[in-house]
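The two complexes that follow have chain A in common; it is paired with chain B in the first and with chain C in the second.
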Partner chain A sequence: MQRFLAKRAVSSGVSLILLVIAVFFLSRLTGDPTDLYLPIDASQEARENFRALHGLDQPLIVQFFSYLGDLVRLDFGESIRRARPALEVVTEAFAWTLQLAVITMAIVSGAAITLGSLAAFNLGGIFDRIATFFSLIGASAPDFWVAIVAIVVFSVGFGWLPTSGTGTVWHWILPIAVLFIRPFGLILQVVRGSMITALGSAYVKTARAKGVGPRATIFVHALRNAMLPVLTVIGDQAAALLNGAVVVETIFGFPGIGKLMIDSILQRDFSVVLASIMVTAFAIFLMNILIDLAYAALDPRIRY
Partner chain B sequence: MADPLLEVRNLSVTFDTARGPVHAVKHVSWAVNRGDVLAILGESGSGKSVSSSAVLDLIDMPPGRIDSGEILFEGRNILEMSAAERRGLNGKRIAMIFQDPLSHLNPVYRVGWQIEETMAIHGTARAEAKAETLRLLAKVGIPDPQAAAEKYPHQFSGGQRQRLMIAMALALKPDVLIADEPTTALDVTVQAQILGLLEELQKETGMALVIITHDLGVVAEIAHRVVVMSKGEIVEAGTAAEVYRNPQHPYTKRLIGAAPGKGEIHPDELDTPPILALQNVSKQYGAFTALHGISYELREGETLAIVGESGSGKSTTARLLLRLEEASGGRALYQGRDLFAMSPKELHGLRRDIQMVFQDPTQSLNPRMTVFQLVSEGWAIHPGIVEKSRWKARVAELLREVGLSEEHMHRHPHQFSGGQRQRIAIARALALEPRIIVCDEAVSALDVQVQAQVIELLDRLKAAHGLSYIFIAHDLPVVRDFADRVIVMQGGRIVEQGGVRQIFDAPREEYTRNLLAASLDPDPEIQARRRAERLERQKLAGEAA
Partner chain C sequence: MSDTHTTVAAARKDPGEPGPLRTFLKLLRADKPATCAAIFLGLVILCALFGPMLLEAVSSKQNLRGRNAVPFLFGQDWTMWLGGDQLGRPLLARIIVAASNTMAIATGAVAASLLIGSSLGLVAGYSRGRLGQMIPRLADVIMSFPSLLLAVIVLYMLEPSVGNIVLVLAITRIPVYLRTTRAEVLEIRERMFVQAAIVMGASTPRIIFRHILPVILPTLVTIATLDFAFVMLAESSLSFLGIGIQPPEVTWGLMVAQGRPYLTSAWWLSFWPGLAIILTTLSLNLLSNWMRIALDPTQRWRLETGGKKNG
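Right after this comes the complex of A and B.
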């Protein structure tokens, strides 16, 4: 177990380093921030001062190594745009996204597992038909469209919910509802398929021969066995949300990491771009380890 | 006479499939009382498990439906009871154990919990159920019940898992225990133990025992009465001895006639020169030693049987010979050259000389290839055996030789029965004109009658093509009928080898004697004698220890 965790930490570390290299050089391709932050008629001197201030006057490779040097001391640099430590800016935004992701995934998982299990238990029944409907919607409805229609209907039309921003519980409803749709459809499909297999298995037959009732058959005997592939998809979908639901966050003006990433790329705010990518990457590595541990907790045959 | 405890009356069950309705059982009737041991005997597809599945409400409806009949338990028709009422009987009054206990135990829960659950759902308090579980585990012969209850199914051996199933089924002292092929996948010695345990518990509790099996030996060992099923119908019923001695229905006659272990034993060993010699061959898997330096020879034209229980290393030798896995040490001399030391290129030329037929033809034949492709594939890999223009004709010839016909050429494996698939696998091996065929449990998965036919086919092909066989098996009666020489293996070592007559009539080693004593004879009288001997041995061994 400890060996497994150590191994994963090492491989994650290597991936992070490769990621830093790739993102560092790629982000520089977006252009020189000086052009963006100083007025068009700024003097050459002012430009050089700006570059020197942010270390942009050095050769790229020198910039890279000095960045790495800072990184080792957990210094992610300054945000050019906000004149605050980049890490601070990023963690603030990440906290928003994390909340959004956790709440959404909790609702999605609970709903998909329950509905998918019931659908599998009675194929062709009412739950199965609801499940098929949502799976189709989840797979085919583009979230930017759903988000805009939702705003038009619920905020503008009925005036029930705020269009964007944060502040009250009401602000959370639309983003969560829109983010819910795609992972719900996908996870539902997987739960249903996996549960069909589990319910047809020999141990479920044993349970029935013992006199176990339908509810315990589904949720005790079959579900835990069916959860491994489901966990994989939940992990995938959660990762997608942690990465920042760029479109949804932008449309709803939600101050999360996705919106921050897009903004900082457009603003050529390199330290923020790098810091936000590293923070999300780290979170995703952490989540993958949690998922692996959950596998082992669910299935005693899996040991690391 | 009072009503029987459990009676199936005139039961007909149909399954609606994509290809139309299948009448799984037609007008089946049987009954058991307390203290009875009834065997339902039948081959695969005979519908032998269907009526007991109906008793426990395990038939999914749809696609299944019950067309007629009733199932009376203590005089009440359980088919008319509510689902909840039937669940109240399941596990409490009527319990069931199955073949393949590994897949029938829930892999993700501790075994103690699973046994407790039987009691808990029928109203026993958890604490009480926990204590009772430990008593049950001890009773079915699981060592260290306290620790065992905390383990998961995969941490037990096959025989122990069946004991766990039995503990689970017997938790509430049911009146009827239905055992569906309870010993089919187990080694003979374990099979004898499990049947012994079932019988002991049946005597002690006085429950009725219904045993579903394809094995006449199991019937001879344990059953008082037997019903014989074929194609969904009961063709014969009576006491076990009556049915064996004096079968009335032609099907029963054929079944008994096909039972292995009754044929001519092969005359003495051949003294032809060896074609293959294994010298001091060993195999390690990490720290585990699967083979401890074994040596044997295969003589030209002989059938050499390798018998042993699971884990004896009998299949490992086959995998090493074909270089499916690399040996850790030793040599395998074929035509004076060491197979283990050959380069891949050299080996390629020799591969066609040694072919293999596996246990499960469903898995060993690629489902997406036609029979023609399967049989001819080797010719593309080993050019020069058959010219491309003659492939069709040659495949047709081979199919006829293994008892199939030319029209089968363009079908896929799933369109054949198990026995036919094994014939295809044999045709495929034969296509390369090999000198040695390794049969790894090649007839174990087949019904007795089909088994007898495949053995006959292998025997005929051997004579026609001058083949030598390495026949790996756990089923001693088949080996007795088919082999010239026998190697008995245990724990990666050869215990004993000799001519088939010597091994069966005058085994030298204790292990071989135990193995033979544990194997079941279809004749109830012989089996009764063998059983008495076995019990005597156990007693002696117990006293000695």
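Right after this comes the complex of A and C.
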């Protein structure tokens, strides 16, 4: 177990270091933050002071190594825009996205597993066809388009839901609904396929033969075995949810990590960009570990 | 197992058997949704190829009196049937012209990632040395981070030109092909016909390209079709966020973005291009589903016997 964890940590760590190096140098190519933060007629002296304050007067390679040195002490630098520690800004935003992602994935997993199992159980029936059709549409819909159509219909047309921002429960409904669609379609397909295989297997026939009812057969016997491939997709989709979060958070003005990342790139707030990349990558690493642990819990044959 | 099937089938082939194209069309007709999808995609490809040539001038001609013109006024010129945009340009004509950029970027990205990914996968799967160990790590590095976020970050830093967008999208999709190809090669190279070819003294390139590649190709084509849909959605998202294609060039995603400020007064500006995206991706998904069955010799009977029981 410990060896497995260590191996995973090393390989993720190497990926992350490469990413941080690439982004560090690429982001410096976008331009000097000084031009963005100081007025056009700022004096030469003011510019020099600004650069010295944020360490931008040093050669690039020196900046890089001093950044690495700070990282070792878990100092992620300071946000130029907000004049606060970058890590603080990022964790705040990340907490919003995490809530959004956890709620969405919980609803998606519950719905997709239930409906996918039911579809597999009445294979070829009317319910199966409807479920398959909607999951295909869901997997094909561009999220930004769904988001703005939803705003037109539910916020502008009916006036039921707020268009953007946070504050009440109502603000969460549209972002969650939009994020729900794509993973729901994909996971449902996998649950359905995996359940079809499981339902055709010998242990399910045994269960039926010894008189276990249909509901217990699906949800106790077949589902547990069918869950392994489903877990993989749920993991992939949970990570991919961050892709959707960029678009959805931008449209709904949601203060999460996706919006923060885009804003901070535009504002040349380099330390925030780098910190948000590292926090995101770390979260994905943790999630993958959890998925692997869940594998072992579901299938006693798997041991690390 | 399946290679013995193919030899038997080849031996039985009599002169009266229809050619590959006829068989292909027959298999396609057995699956109605896939037929509709193929026809729609054919239409989109025609638009992409000939649209800019025929409609470029019409689609960029501004007409300030026709600003945000209402759709479904069939009395006018046909290009205005879906309404006009914020500068009075005909939406239908613009959608047809935009098909060209949208398709070109997706085709470029899919072709590049397919070529690079599967070549690396072949090498990684076939070579038993260090290289075979190193290449999969490359896929891990790319996959350790959400692909769209990566594209967003890189595109903000590079110039958002067509070439860069294709490059970024291709890089984020390479792992898909690399992993699939490698996994398949690892399995296939142990099979009897590969061993036989080695014993008979076939060169390594010959074994890879003549013996192994043909077996993997159907899987790769199926994945590429599905991936085309994904890349199209990603490109649309990038254009929507304003870091994809820049005006005056136009793609469907950019059209949705351009219509966004007028949502409350003129919904059709964003609605139609979005519908074009959704129909194209849906068609690709349907076609990929059909391919998965049609290109697999052990599954093909499902289509040949009427296609009622495709589970």
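Throughout what follows, the second predicted complex is superposed on the first by the 300 of 304 C-alpha atoms of A that agree within 3 Å, B and C clash if a C-alpha of one lies under 4 Å from a C-alpha of the other, contacts with A are read in each partner's own complex, and residues count from 1 in each chain.
Please note the rule applied: a residue touches a chain if its C-beta (ideal position, glycine included) is under 8 Å from a C-beta of that chain, and two chains touch if they have at least 3 such contacts.
All values derive from a computational prediction rather than experimental measurement.
> Where does A:173 make contact in the superposed view: on chain B (first), on chain C (second), on both, or on neither?
In the superposed model, A:173 contacts neither chain B nor chain C.
> Report for A:301: first if it touches chain B alone, second if chain C alone, otherwise both or neither.
Touch status of A:301: first partner only.
> Using the superposition on chain A described above, determine whether A:201 touches chain B (first), chain C (second), both, or neither.
The answer is first: A:201 touches chain B but not chain C.
> Is it chain B or chain C that touches the larger share of residues in chain A?
Greater contact footprint in residues on chain A: C.
> Going by the contact rule set out at the top, does A:111 touch chain B (first), chain C (second), both, or neither?
The answer is neither, since A:111 touches no partner chain.
> Pick one for A:225: touches chain B only (first), chain C only (second), both, or neither.
first
> Considering only the defined contacts, which chain C positions touch chain A in the complex?
Touch list, chain C to chain A: 137, 140-141, 144-149, 152-154, 156-158, 229, 233, 236-237, 240-241, 253, 256-257, 260, 263-264, 267, 270-271, 274, 277-278, 281-282, 284-286, 309, 311.
> Give the list of chain A residues in touch with chain B in this complex.
Its residues touching chain B are 201-203, 205-213, 216, 221, 224-225, 298-301.
> Mind pulling up the chain A residues that touch chain C in the complex?
Interface residues on the chain A side: 11-12, 14-16, 18-19, 23, 26-27, 29-30, 123-124, 136-137, 139-145, 148-149, 151-152, 156, 196, 239-240, 242-243, 246-247, 250, 258, 261-262, 265-266, 273, 277, 280-281, 284-285.
> Once bound in the complex, which stretches of chain B touch chain A?
Result: residues 56-58, 84, 87-92, 95-96, 98, 100, 103-109, 117-118, 121-122, 152, 154, 165, 168 of chain B touch chain A.
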